[in-house]
Every structure is written in structure tokens, then in C-alpha cells.
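We call the chains A, B and C, going by the order they appear; numbering starts again at 1 in every chain.
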Amino acid sequence: MVFWLTVAALTLATVLIGFRPLFAARQDEAGDRREDHEHDIAVYRHQLQEVDAEEARGAISKTEAAQARNEVARRILAVEDRMKASGAAPGDSARKRGGRAMLALFALVFVPGLSLIVYTGLGSPDYPSQPLAARLQAIEDAELASAETQDRLRALVVRAEDHLRDNPDDGAGWDVLAPVYFRLGEVGKSETAYRNAIRLMGESPARLSGLGEVLVTASGGMVTAEAYRLFERALAAEPGEPRARFFAGLADVQLGRYDGARGHWSALAEDEQAAPAWRMVASQQLARLEETAPALAEQGRPPQLDRQTVEQMQELDAQEQGAVIETMVASLDERLRAQPDDLEGWKRLIRARIVLDQEDGLRDALERAHDVYKDRPEALDSLAEFTSGLGLDVEEFWQ
Amino acid sequence: MTRKQKRFAVIFSALGVLGAAVALVLTGLSEQVTFFRTPTDLVTPAAAAQNEGRLRLGGLVVMGSVETLDDARVEFAIEDANHAVTVRYGGILPDLFREGQGIVAEGSLQPDGTFYADTVLAKHDETYMPREVAEALKEQGVWKGGLPGEGASAGDGY
Amino acid sequence: MIVELGHYALVLGLALSLAQMVVPMIGLRMRDARMIAVAPPLTIATFLAVSVSFAALTWAYVTSDFSVRNVWANSFSDKPLIFKFTGVWGNHEGSMLLWILTLALFGALVAFFGANLPSRLKAAVLSVQGSVTVAFALFILLTSNPFERMSPAPMEGRDLNPILQDIGLAIHPPLLYLGYVGFSICFAFAVAALIEGRIDAAWARWVRPWTLVSWLFLTAGIAMGSYWAYYELGWGGWWFWDPVENASFMPWLIGTALLHSALVMEKREAMKVWTILLAILAFSFSLLGTFLVRSGVLTSVHSFATDPQRGLFILLILVVFIGGSLILFALRAGTLRNGGMFHPVSREGALVLNNLFLTTATATVLVGTLYPLLVEAVSGEKISVGAPYFNYTFIPLMIPLLMAVPFGPLLAWKRGNLYAAAERLWLAAALALVAALVMAFVLYDAPVLSAFAYFVAFWLLIGSFADLWQKAGFAKNGLAKGWARLKGLPRANWGTALAHAGLGVTVLGIVGVTTFEDETVLRMTPGETTSFAGYDVAFNELTPGKGPNYTYDRGIFTITRDGRLIGTVEPEKRIYVASRMPTTEAGIQSVGLFSHYYVALGDPPESGEGIVVRIWWKPWVTLIWYGSILMVIAGGISLSDRRLRIGAPQAARRRREPLAANATPEPAE
């Protein structure tokens, strides 16, 4: 509102300034030919004075001065001739009044009208300015507010924990507590709470996908095989469950199945039943995927897929896709037998085995990697760190 | 002088100046112009006659080729899709000179096939590729597309 | 809200300038006094609207409002405040808004200070000016809107091109634009004169101050740009004959020609057609320059990012305005009566010569600038036309012009006496010869050619004052009276002499630096000392550090001569944080009054000791810019001459008696 008032004020001010002579009462003689010629003559008069001055200073001789004066005088005469010829016939007043009315209309309608039409076509009047200082302040305020909510939540959690200590079989209690733990960043407790809730109250899509999310967070953003199964079950029970849908898409990306991810996320982004936050996250991920997917496909993230294979895979059904992936993992396996000194290759293989939930393959891969690098502790450390990021403790394999 | 003579004097002096200017421009444009070449142009023997005098050599700086010589000169190689040419330059490289980036070097081709540059131009924009270089590379890409036999070997780099 | 208000104000500016273009033109046709009278206030209203718009964009920059795409793309929150301001015009969109602001400003100046103009002519001028504003406002709104928004707004900007983060840039483009765009007013005057059919001495009088204003800003802008390139690019050069530089230099050459030919038109009512043509050409070259720079058809060392669509739009503007005005010119030029006659040897003759050389030189620059385009279009061969061509064609055309300059003011109007003028100049010639010989052989042991170049420079410098010397007549009148006479001269005389002398100073600087410049490139390690061009340079240390939005490696060098300290320079190699872009900051030490010792750092080598250092000895280089400053001051002095302001029929306004009574023509000759 303030914006439109300012716009109106600005428009009114400039139009009033611009068309002022139109609203003035006095009719000036400006603009006829006589006024024109008077200006000319003023210039030539001054030129005559200059000639006089130069002559007086001795800069030009007497004859030169006379000649110069002569020329200027001729110009003045020419102006006077023109003045007589052009006469003094200004347009008749009726026509003028008509013109003035038109002009007034023009001023009051055309300028504001055109400005408004063009501006509404180009601008975004409802989008406020975003000065950085104010935005930083807003973020700080929001953080403060969320800290307060967290404090309140913690108080609630303490009370709920007291209650559950006395009634450990209260499934509903665990069910309420599990997502709260997650929000407070207590991943381990959240996992326990979810598992308790599922044990006591049975599976529900929300609980399954909630637990899945916790597992994904615990493994550093990697969708593990267990988490993936949870999401699948959640989706089987309720195909539109947004959290499960989102993470199923994430799993697809991590497997290089960009089309699957695209399917999940675009369905989620367009699902009007889902919470807006999920839809926004999904569409953001989708946009990022569109930007990076070709590059990822070429770089060959796990498992290594070239573009041609991806295209072929898109024509296969899900089961066959699994088979193709396994073939590729097998070829990676083969390659590492031939050229074992490839730490990144090992990591890819290990991750693929975990994701595909192939325990024997995983054990085999870990042991072979250990053999290759047993003399290079820094490589082993790097592997251990990598696998622990996937929620796997390698030491028990390497005993 | 009569009126006519005056007019002639003015017109003749004007024509004189114009004539001199035209002569200067014509010789200038035939002698002082710098041609743009790609490394392939310089390496191809057929074009040797056209590679005398001042040239602008454009292409991508070969990764890992930049080397500072003992006399503070710099040596690096410029490549296009097919060939690379060694360039020697005595001076400070422009701020945005980087390996892998498109640049233009101005100088002359030596008999031994190296290129002595006295000016190296890189654009003040890190995503920039000099227009000539971009077009030359594009042309080579198109040209390769038409000749599959050669394209296969040259295309491996991409 | 403020950002959107700015956006709206820009649109409002378009609507108002449309009214500014249309209403007065109808008024002139209908002879409606009110519609004619509306022109000046409408121009001021347009200027107000565009100012609001520009202020809003500036505000967005200062507060780092990254929801504005333009701010996000060219600013950074940690940037020093001054560069937030200059960032407004350090990019295509913002600089085009500045261009429109300047267009509107010149219109407003004419509306405000043009009291001496007849209202019909003023209305026509402002209407034409309005049409130019309309074209560029449409351009900016349709192809390069600086108020485009982004949602959600990013938290950090991409930073202004570091090369542009320099105080030189704060002043350089606005000055250049004041000159560039200033010629739009001369253009408007020319087209208005053609429309109104009044092409006479009075018109020349009125257009002259505006030409002078544009010319002096353009001079300042070009000099500033050259100095900026000299110390900011770190290449040690001050002029590259780069297309962008040529784009500003061609309007300058034509503008200089216009300044001189308008003088002839005012005094003698001769060269009318030519002057009108020059006024149209000066602005056409400004437009052409804009097109060349913005469309990216030419490869240039320093230009903004480009976009073919914009190029096409500017080409359209170019065709409409240049084509339209030239057609109008062709229709009207035939109806002009020729003015006063003159002898080839006369002031007019000298000024014709000036125009001849200046326009021919412009043509050679134009050919050199466009030739690569032409060759590529015809044969597909890619060529570049660089400094060798321009030096080869431009300098030979300039030398006779420069030699002739001192003669001009000494020749009388109508019929001059070359012999008498030469007689008055022999002293100047002798002095110049001695100075040149001393310079070339005693001080620097130089070849004959540079001795000649020095002679031209000194001749220009000393000869420019011959006119003043003669007018003062010290020999005849004694010192005191001579001085009094000098003070009594019209300021325009002083302006002429100073501007010509300033040109001489610039030429002297150019000759000095091109003939005796020296440079070396070597690898140095801290602690090392080298000897170059008679000075010892000690490389003390290389220290890393951190600036507000960049990190740097700073070398500290001490320059001594025979053990005497000359100064310390601290060249830097900077890397800007946001864009990861490196820049070179040269270390410059003034030596004596006019010379520079210039040190730039290269990249540190990956292996081995030391860093590549490039050192230049630049004798007399600052004279190039001092000369330009002198020219600008001279322009200011001329502008302050009373004569340029007079022309308003004050007392004479309502007098009805025959005006020419006191100036009855005497029989001619």
C-alpha cells in the first residue's frame, strides 16, 4: 500500500512538474516566430559589440572591423526580412483550446497509464527490498526463536523420559518422542525410540520412513540397504508418503538411477497432499539433479555408469536394472583384481556392496582391500574412515 | 585569386590530404595487419608462406606446459584440437593467464617452429574465451565431424 | 520497496521522455505556444524520474540487496563502500542506466540554462533529445534491465570484476559518458536546426557551449581512462589502440573538429552544411562506439560481457538515428545558402585544414577499427588491426596538423597573411629547435627522428602562446601595459592558447615516453639488487597479507640513485576472494616532475627461487595527462567566457522599433 501511494505521489509530482505550463493561467507569447527572431537579433547585436571591442583593442584593423560589421548587419537585415515574411499569424484560439484539452488528457492518462501498464508487466511490486543487514538480522532472530523452541522441547523431553522410565511399554510415548529426539539432533536415542514404537505399536508408514531418515542421517547421508527397505515398505503401505518418497529418490541418485530419482521427486513436487516443505525440497533437489546429472553420469559415480549404459538401463525394468548394476559391480570387482592399487575404486566397490546388501561380497572386498593396503596404514585409515561414514566398523572384518 | 581559384585551392588540398590518407590506409592495411592463426595453421606446411610477419596465435594453454626459463622468460604451449605450438614470451603474463584457458599470443613464428610472443592477451573474465579462439575451436570440431576417420583419433582428447 | 520504486521510476522516465519527444513536436507543427512551453519542464521531469531510478539502484548496491540480480552479479557484501557506489556503473546494465541519466541530465541542463535559446529551437532540441532517451530507455527495459529480481535472494554476491575495483573507475566512466552522451545534445541541436530550417550564425553560437562541455568531459574521460589502464592493468602502456579506446577517441576527434568548425559558422556563417554534418557524426560515433563495445562484435581488452540481442538492439538504434538524421540532412542541406567567402590562407582556411585532417584521421581510425569485421565477413579470415597500423596511418596525418596549429590563431579572418604569421613565429620556432636539439642530443643521445618529434612538440607548446604574446605586445607596450592588455583579452583567447599548449604538453609526453622508454624483465629474490636505467632497485621483501576483500603478495622495492633514496614502491599481486580472480597492482614511483619508475610483479614460479619482476623507466610519461588536464582547464576557461552565455534578448525583448537601425550595411568592398 505504501508502495502504491509512493508510486502515485511520484507520478503526480513529475506530471505536475512536467506539464506545469499547461495548468498555468497566463498565456505566454513564447513560441511564435517573432520571439525566435528576437533571439537571433540579440546574438547579432552582441557580435557587433564584439567587433567594436576588438577594434578598440587594436586586434583588428579599421577596414576589417567595417567589413565584419557589414556582414553582421546583413544577417540582422535577413532576420528582419524573414520576420516580416512569416507574419504574425498564430493559430486560431479555438484550435488551440482543442489541442490543450487533448494535451491535458494526454498528461493525465497517457503518462501514468503507460507507466503502470509497462511496470506491472516488468516489475514485481509485492517483492520487498532485501537489504543484507536486515536479512542477517532476520536470520539471527529466527535462530534465537528456534533456540527457545528447542529449550521448550528439551523440557518436554525430560518429562516424557521420566514417564517412559516408569512405563517403558507405552508405544505412543516412544512414537511421540522419536521425531522430537531427531529434531534435537539426538540420532541414537531417536533410533531406539522409533524401534520401540514399531515394536510396541506395529509398523506405520510414518514410523518406517521416520526410522529410515534417522538411519540415513546416522550414515552421513548415505541411504543404506536397511533404510532403503524401510522406505520401500513405507511406500508399499502408503504410496504417497512424502518422506519415504524423498529418500527413495535420494537412494536412486546414490545408485546412479537418475530417472528413478526424477520420478520420485517430480511426483513429490507435484503432490498437492504433501507438506509444502517436502515439495519445495523435492523441487530443489530436482533442479540440482537436472544441473548435475549429466556431469555425474560422465564422471561415473558409484557404480560407474556411462551415458550409453544409463540410456540402455532406462529401457529395462526394475529387476533387470538390478541385474545390470550387479554386472557393473562385478566388472569393477574384476578390474580391482587386475589393478588392485585404486583406493577410490575400492571405496566405490565397498559402498556398492553395502548398498546392494551383499554381505559376502562386502566381506570379500574388505579383505582384499586390506591385503592390498596392509603395508600402508594411511590407506587403511582412509578406508576405515570411509566405511565408518557408511555405518560400518571395518575392524571386525579385519581381525 | 578569383573565386574559382580559391575553391580549387581548397578542393585540391583536400584531395591531397585524402589521397595521402587513402595511400596510408591501403599500405597500412596490407602491411601492418596481424593475422589470426591456430596451432594447426602454423604446423601445416602448406600454409607456411602465410605465416610470415606478425601473427596472433590463439588456442588453449596446454596443461602443465608453463615453465619459467632462467632469463625470466616464460615458455608454454598453445594447443587446438590437433596440434600444439611452443610459445616463448618475455614479460609478465596477464593476470588471467591460466593453464587450460583460451588465450591469444601476438608475435612471430621462428624458423625452428617456436613462436616468439611480445604480447599475451587473456580476457578480464575468467569464463571468457577469446572470440577468435572459440570460433576456431568450434570450426575444428565441426570439421572433424565431417571426417570420421580423422575425427576418431583427434577426438580422444575430449 | 525502494528497488521496485526505482524500477517504476525508470518506466515513468520512459513515459515522460515519450511525452517530451511527442508533445513539443506537435506543438511546433500546430504552433501551440503551450505545447512548446511544455518541453523544458517535461525534460526536467524526465530527469527527476530517471534520477530516482538511479538513486534506487545505488541504494540497492549500498545495502547489498542481492535480490536484485544486477547487484548479486556485481557486488559483494565485504566490498569497501566506495566500490559499492562505483559498482553501480561497473557493469552493463548499471552503466546503461548511467547513460540514460546522462542523457536526461543534458536535456535538463539545456532546459535550465538555455534561457538564451528561442523557445521553438529549444523545444525542438529537447524533443530530439527525448527521442534518444526513449530509445535507450526501451533498450534497457527490454534487453538489460538493472532492476531484475531474484527469489529467493542469494546471501552473497559474485563481486565486481576486481580490475574495476579502483578509484580511477569511480570517475572514469561518468566523465566519459558526460562527454559521449553530451554529443547527443549537439546531435539534437543539429536535427532541430534541420527540422526548424534555421541554420545560421546564431545557431552556431548556441551550440558551441554544449559542444565545449561535452568535449571537455570527453577529454577528461579519455585521459582518466588512459591513466587508469596505465596504473591498473600493470602493462605499463597508456594507449593500446584498443577498439574500446578507439570508440571514445573517434567522437573526440570529430568533436574537436566540430568545436573548430562551429567557430567558423558563428563568425562567418560559412561551413554550415559541414558543421551540421559534424554534429550528427559526433553523436553517431558515440553510438557506434557503444554498439562496438556492447555487442561484442570486436574483441577488446576491456569490455563488458556481451550479448548478441543487445547488439542487435543498439544496431537498430544506430540505424534509426544515424540513418534518419542523415536523410533529413540530405533533404535540407540543398536548401542552404552558402555563407561568407574566404581566402584559402585565412583563419577560416586554417580551420578548414584542421577539420580536414581531423576527419581524415577519424576515418583512418574507423577503417582500422572496422576492417577486421569486414575482412571476416568477406573472406572469413580473422585478422586484427593493432597499434602498428594506427601508428602508421594516424601519426603522419597528425604531424602536419600539429605543425599548423600555431599558425591558426595568428591568421586574420577572411584573408590572412601567412608571411606575417610566420614572421611572428620565428622566435617560437628557434626556441623549439634549440629545446629539441638539447633534448635529443645532449640529454639522451637520440636519433634524428626523435629530434624532429621533439621539435614538433616544443613548437606546438611554445607556438601556442605566440598569439597571446603578440596581442600583449610586450616589446611595444612594456611589461606592465602588456600584462594589462593580456588581462583584458576575452577568455576565449586564453582558452585557445592553453588548449593548444596542453596538446603540446601531451605530445611532448608521448614523444618522451615512446622514444626513451626502457623496460626489463628479470627474476629477483628478496635481498637482491639490480641496476636499471641509471637507478638501483633493491628488492627488500615479499610479504603476504589480506585486504578487505582480497589477499595479496606485496613486494617492497627501494629505488636509489647513486646511493640517494628516490622512493619505495610496493607492487602487489592480489587475489579477490569472491571471484578467485588475480589482479596486478603496479608500484609507481615519481622521479623528478614528470617521469615514472614503474615496477610490476609476475606470478611466483612454482619451482625455484624468486619472482618475475618487470621494470619500466617511463620518462616524461605524466606529461601526457598533465597536458590533458591543461586542455580541460582551457575548455573550462573558454566556457566561462561571457560571450558564450549572451544571446538572450533581454532589454530588446519587447522593442518594436526597427532593430537594424544602428547597423545599416555599408556598401560592400
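As a convention for this text, a residue touches a chain if its C-beta (ideal position, glycine included) is under 8 Å from a C-beta of that chain, and two chains touch if they have at least 3 such contacts.
Just so it is clear, the model here is predicted, and its values are computed rather than measured.
Q: Quick check on the contact graph: shortest path length from chain A to chain B, in steps?
A: 2
Q: Average the C-alpha coordinates of each chain, average all protein C-alpha coordinates together, and give the chain whose average is closest to the overall one.
A: Answer by centroid distance: C.
Q: Pick out whichever of the two, B-C or A-C, is joined by more C-beta pairs in contact.
A: A-C
Q: As a quick test, compute the distance in whole Å between the mean CA positions of chain A and chain C.
A: One centre to the other, that is 42 Å.
Q: As a quick test, compute the distance in whole Å between the mean CA positions of chain B and chain C.
A: About 30 Å separates the centre of chain B from that of chain C.
Q: Could you list, by residue number, the parts of chain B that touch chain C in their complex?
A: 1, 3, 6, 9-10, 13-14, 17-18, 20-21, 24-25, 27-29, 31-36, 54, 56, 68, 70-74, 90-96, 106, 121, 123-126, 130-132, 135-136
Q: Report the residues of chain C in contact with chain A in the complex, numbered from low to high.
A: 1-5, 7-9, 11-12, 14-16, 18-20, 23, 26-27, 30-38, 41-42, 44-46, 48-49, 52, 60, 63-67, 77, 116-121, 123, 141, 145, 147, 149, 151, 153, 155, 198, 200-202, 205-206, 268-269, 340, 412-414, 471, 485, 488-490, 643, 646-650, 652-653, 658-660, 663-666, 668-669
Q: In their complex, what parts of chain A are in touch with chain C?
A: 2-3, 6-7, 10-11, 13-15, 17-22, 27-33, 35-48, 50, 53, 57, 59-60, 64, 66-77, 79-80, 90-91, 95-96, 99-100, 103, 106-107, 110-112, 114-115, 118-119, 122-125, 127-133, 135
Q: Can you name the residues of chain C that touch chain B in the complex?
A: Those in contact with chain B are residues 161, 163, 234-235, 296, 299, 301-302, 305, 341-344, 349, 352-353, 356-357, 360-361, 363-364, 367-368, 371, 381-386, 388-389, 392-393, 396-397, 521-523, 579-584, 600-603, 605, 608, 612-614.
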